[in-house]
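Dropping the structure in here first, questions after.
Residue numbering begins at 1 within each chain, and the chains themselves are lettered A, B, C, D, E and F in the order written.
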Amino acid sequence: MATIAELVEDRTVDGVFAVARKRRLTTSRGKPYLALELVDPSGRIEGRVWDDVELLDRRFAEGDAVRVLGRVERFDGRLQLAVRTVEAADADPAALAPTLRRDADELEGFLEFLAAEVAHPGLAGIVSGILAEPEVRDGMRLLPAAGADGHHGYAGGLLEHTVGVATLCRETGQLHPRLRADLLLAGALLHDVGRVRELGRGPAFRPTPEGALLGHVQLGVRLVDERANVLDSAARAELLHAIAAHHDRSAARTAEAAVLYHANQLDAQAATRSVGAD
Amino acid sequence: MATIAELVEDRTVDGVFAVARKRRLTTSRGKPYLALELVDPSGRIEGRVWDDVELLDRRFAEGDAVRVLGRVERFDGRLQLAVRTVEAADADPAALAPTLRRDADELEGFLEFLAAEVAHPGLAGIVSGILAEPEVRDGMRLLPAAGADGHHGYAGGLLEHTVGVATLCRETGQLHPRLRADLLLAGALLHDVGRVRELGRGPAFRPTPEGALLGHVQLGVRLVDERANVLDSAARAELLHAIAAHHDRSAARTAEAAVLYHANQLDAQAATRSVGAD
Amino acid sequence: MATIAELVEDRTVDGVFAVARKRRLTTSRGKPYLALELVDPSGRIEGRVWDDVELLDRRFAEGDAVRVLGRVERFDGRLQLAVRTVEAADADPAALAPTLRRDADELEGFLEFLAAEVAHPGLAGIVSGILAEPEVRDGMRLLPAAGADGHHGYAGGLLEHTVGVATLCRETGQLHPRLRADLLLAGALLHDVGRVRELGRGPAFRPTPEGALLGHVQLGVRLVDERANVLDSAARAELLHAIAAHHDRSAARTAEAAVLYHANQLDAQAATRSVGAD
Amino acid sequence: MATIAELVEDRTVDGVFAVARKRRLTTSRGKPYLALELVDPSGRIEGRVWDDVELLDRRFAEGDAVRVLGRVERFDGRLQLAVRTVEAADADPAALAPTLRRDADELEGFLEFLAAEVAHPGLAGIVSGILAEPEVRDGMRLLPAAGADGHHGYAGGLLEHTVGVATLCRETGQLHPRLRADLLLAGALLHDVGRVRELGRGPAFRPTPEGALLGHVQLGVRLVDERANVLDSAARAELLHAIAAHHDRSAARTAEAAVLYHANQLDAQAATRSVGAD
Amino acid sequence: MATIAELVEDRTVDGVFAVARKRRLTTSRGKPYLALELVDPSGRIEGRVWDDVELLDRRFAEGDAVRVLGRVERFDGRLQLAVRTVEAADADPAALAPTLRRDADELEGFLEFLAAEVAHPGLAGIVSGILAEPEVRDGMRLLPAAGADGHHGYAGGLLEHTVGVATLCRETGQLHPRLRADLLLAGALLHDVGRVRELGRGPAFRPTPEGALLGHVQLGVRLVDERANVLDSAARAELLHAIAAHHDRSAARTAEAAVLYHANQLDAQAATRSVGAD
Amino acid sequence: MATIAELVEDRTVDGVFAVARKRRLTTSRGKPYLALELVDPSGRIEGRVWDDVELLDRRFAEGDAVRVLGRVERFDGRLQLAVRTVEAADADPAALAPTLRRDADELEGFLEFLAAEVAHPGLAGIVSGILAEPEVRDGMRLLPAAGADGHHGYAGGLLEHTVGVATLCRETGQLHPRLRADLLLAGALLHDVGRVRELGRGPAFRPTPEGALLGHVQLGVRLVDERANVLDSAARAELLHAIAAHHDRSAARTAEAAVLYHANQLDAQAATRSVGAD
């Protein structure tokens, strides 16, 4: 069975995919159809169900794994799957979400190495404790860094992005001895940890109700705050401030928070901006 | 003779300093006085000439090295030098400008190492050629990264900042194999090279007339452009674009230019933002 | 003894005040002096100690209550106190901070009335519980709404502002039945509760170290979050979101959060903007 | 005959509606059709004429009342009316415009009550005089507050919004005795009076030619200015300034104008922002 | 007697000037003095009264013409007049306000020529009528274009600026035949006419109370509106719109209003920006 | 054969046009079609190829001249050409690009007149030299001022716009004798000269690869810089600065650069903004 990355125009497809988005729309003449976003670990493709809509619509929901029979066409310069028939498939939809190109075990090794670089005992304990929690550890491997449509938008993107930002912050700490390197590195390792409570599992990675209202910054502050009572009040406030300010250009009040803001931006842009003029 | 870093309140001083700023002002009652900024490699201090102003004013100009006799007082929380007498000193004023804490030879070694990492023959030749020109090589050691009052505001700050930005960009190239690492690193190594034509030598580091109008971005593009004709037109445009866009958040049209923008910001903020809440 | 509100130009003063600000400065000719901000419940006045500076400086610190002998002069259109002598006074400095014109007991009654209007049992319990905590109850009467220099910048300003915003939100809930009136009113009553951890006591009302880094929004979210676990997750997120977004024009994602933002702005502007063209 | 609020998917409809928008469009294959927005006092629905377009197009114009025979379908999640036939109806189109849920007579009573609260004789006379003019009195009941697509976008929305803003301003005047309550309340009652000259009658509520160029702020200033010559020049300028600045965050130069700006924003957001996360 | 333009450092002065600003200040040691801005048709100079302050202060008010005896000194790079004695002078202060370098009669001739270029009878009548009113005609010669500290900040600056903007708009009308040249030229000739009601006479050119609240844009719209009833409603709205939008970059809804905005900016910048790098 | 300006609804067309844009799209039901933008010297029209798409698609490319047989229809209020058949035509596509209404020879005469007004020998030589280069001279007549979709979006628009801006700047130089009229006029004549290297020839006027990255400002600075070495360093920097800053509101550091910015804006808005309310 073909993977999405292998699909070619004008070929028939028989494959098992996960349904990342499912919407029921109507053509300009009023005929209903289904607009799908289908994914597997190798990539994404738009799908359309034009016929037997009532029947097929009932067979699956957004987030399900499905077996699809159809034909690949080109629409507005991109491939699209015209679905002839679709049925529920006996597969784990989360395992079908697009995933990272790099080796997750290796990235987790980097993450542990970076966490071990935090010398301050209190910060080191908090960082290693949080990263070892199953909710966080699993979330790092299963979630994207910023939703399905953002940068690092695949399962494990959160792990990859966290390693990237922490690597840049560690380097910056070495270049600038005036900075509090432990605070900076701890902030980097924990800055996006709120994503594990903001985003649901793949393939849809939809925000949880709480995530939609509070966002990953607020949720990350709460998660770290609950575990940071071993720190004295000043160190705790510094760590929470760096996490709280990492999305807001003008909020940083310390050098470490300002550096974290730019390291986060840098890694996100490096992952998404087009290589060559856009 | 005392260095500026060693000065203590309520002590008499006899020292040789360079005059980074000199202005003739008048008190609110109309009495003229001289307001000075005195520097040596260890730091900066404000100076005031309250008496014999006509006489002493004629003895030296901004940028000169001077021998000063006076007394250290505290004004608005900071030390200030009440100058009793001052005369021209037989010393090189540029050698008296504040300088970097780190070892310049070591930084130059890092710079050469980073330049040697550029694998693309055309880019490598341009980078190593420009960095080897006496104007650039000397400027890196003698100039600040962004004027006397900006980040890395001491002789050699330009060298230190260039190494910092290039180190971060090299790291980013390794984290993100999709990026064109050679282009990114070459852009980082050359991004501030226009400073050598924008800024005059210390201790004042005043903009040259050309620098005041065209700025270091434009002057850097010109300098690199004149030496980049060995590149094909596309590679040349990519390199010039990265340099041209490095100060303007919304100008970047390539991933490499966007990364360079944030690496430059990151290093500047890491050097200047207050450690602890401001 | 005179209160600050009664001071008149060219008169001698003998009074007991609190020192809200104390800085040691130097005149343009290098002579040290003390710049003070003196307060009592009736208002504020700048003070200057020109003579015997060394001696008098040692007698009191910022935040102390002092007995002052001096003379009222006019400087740049405003009254100023030329202090001849000053000594520590046996009085409670917090009791000398400027305070509200309105009756605090009456305002507290309004606050209780408004809290009793929250019908939703979970929200009602949280609101009345938090407002009854001694830290909050005392903070409401002893703190300003936004620091000594902000709107409602006197002891009890926090209470007055909270009543103002909650009154406007209650009115809005009645005008717009589509809104969730309980959520809106609860958010209004708790929106600035983080001030009790952000600001120190008068007369200086300086931010605490934690307050300087985390700010009252973050501290308020934490305080409410810790007490909101009786709510289901959705209701808790809605309440925390309204508090988290109340200072950021573009952060509101619900009608109630958007209304709270504008009610807060409205009450602050009503308290501070000049009546007549500025 | 059914009202729009009662329409259900997959049912045939025979009803009398007003045509709020009418555009002749073409499908992507070039076939012409009519896109309509149909309204009655209970709501709005999109309509489409797919067949007999030439014939039916000639039977009615935008703004007419029509009798429609068709079928309700679901398109992109919303109901839509597929029109089979349509003909002019003998009904008052303005009476078919969507209208407010609340009782207009009661709102007018509130408006009169609020106007009677203005104590300053000059301001009271101007306010009650203007509100009693037939053009204004009718406009309040027949126009929306900000066009058909804005907040309070139905006949009488202008009345409802004016009552809302004035109620909030009256409350603010009581909370803040320093404000000039009469000026604030008069400004609130008259702030949107220019809408009666900016917007045409329903169901389309299209801007008049003058309204498109000058806008309701300028037209309101003119209308009030022409009637304000009983005031002394200062009071007149204050009232006109509050009206002139009510849409521009940075224009207010008095506390009352700043409060009016935020009260207007508050009421508009309360009416339009989604209840629950958007 | 010397004019201000002729004053030289270290010389005694005996001259007649107008007092454009007068403030009573106090030195940092509490001694009162007078800070003056003195003007005559040739320029401006700061003045200081250090001695006999009580006596001399009573002799004149801001806006008066005075005879001054003093000495020219240099303060912070600029000339300043140390006033020894001052007394009321028998001269017209308005005639002593700084005035334009160019010939006012010639400029008025240009203005009439430009007004005669408006071909549309209605617009031509309004323009020539308004420009012929004594209030406007005198204001053009006696007022600056934007207050004493703005561009064209001298008597007659309003006339000079109006001629400049109208000349540029006439040229633009010829370059772009698609524009409605009459509307554009009429708008340019009348765009700043509200200044005659916003600003008081020299030498102080203080805003009138009405001007401080309503500003010249609103006052100009009112003035033109009152005289524009000979135009049909559409033409009147177009003219008023161009005047109303001339200070707000985003308000223009017609090409002519957008052109007027930029012509106004262009002429103001041409008059004020430094020639050579600032 | 008909020109585009003469096309009428519901008529058959047989004409020769250039293909300014060609995209292959798919209807919502998946059927491919071609979306074209066809131009001739009289105007532009959208074209659609619905049938025989595979066959006709191979017959021509974007930028070609084609002979088209089809029918004019109305779509969404605008005319559109339903293409029945299309074939390559033996015509110069560049000659078919939309062109200016005004006489190009006459405009070139104005350009030469304006260039001859530059009195400064160095500037005059550079301006006349650059304008006489075939690349520039031809580009002025063949290119638009800002791409096919920008202001003056037709062949020769660059010439027309350059004359417009230079005329306004010459007028400004006469109104403001304080300005350096030669510098201003030279800057105006050369400000958009980089367009000749940024944009490809019509009918598509696509950016060159270099143009997409460096933009016309950077390319213009380079072009002028290479030819400006006869000037002394200060004059050269002033000229380059005016060109470099002409698109950036906040970059201008001289009066002449600020004037050029606004003259450029003024002429662009005069050419594009709708005449009458939009």
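Here is the rule we use: a residue touches a chain if its C-beta (ideal position, glycine included) is under 8 Å from a C-beta of that chain, and two chains touch if they have at least 3 such contacts.
Everything numeric in this text was worked out from a predicted model, so none of it was measured.
Counting hops only between chains that touch, chain A reaches chain E in a minimum of 2. Touching chain E and chain F together: B, D. Of the two chain pairs examined here, B-E and A-C, the one linked by more C-beta pairs in contact is A-C. Bringing chain A onto chain D by least-squares fit of CA atoms involves turning it by 120°, to the nearest 5.
Chain centres here are means of the Cα atoms, and by that rule the chain farthest away from chain F is C.
Annotation: 44 Å between the Cα-based centres of chain B and chain C. Touching two or more other chains at once are residues 28, 209, 212-213, 241, 253-254, 277 of chain E. By the document's touch criterion, interfaces exist between A-B, A-C, A-D, A-F, B-C, B-E, B-F, C-D, C-E, D-E, D-F, E-F. Within the complex formed with chain E, the residues of chain D that make contact are 209-210, 212-214, 218, 221-222, 225, 233-234, 237-238, 240-241, 244, 253-254. Every residue of chain D that touches chain C in the complex is listed here, in rising order: 163-164, 167-168, 171-172, 175-176, 178-180, 238, 241, 252-256, 258-259, 262-263, 265-267, 269-278.
Chain C makes touch with chain B in their complex at residues 24-26, 28-30, 32, 209, 212-213.
Every residue of chain E that touches chain B in the complex is listed here, in rising order: 27-28, 48, 50, 73-77, 80, 82, 277.
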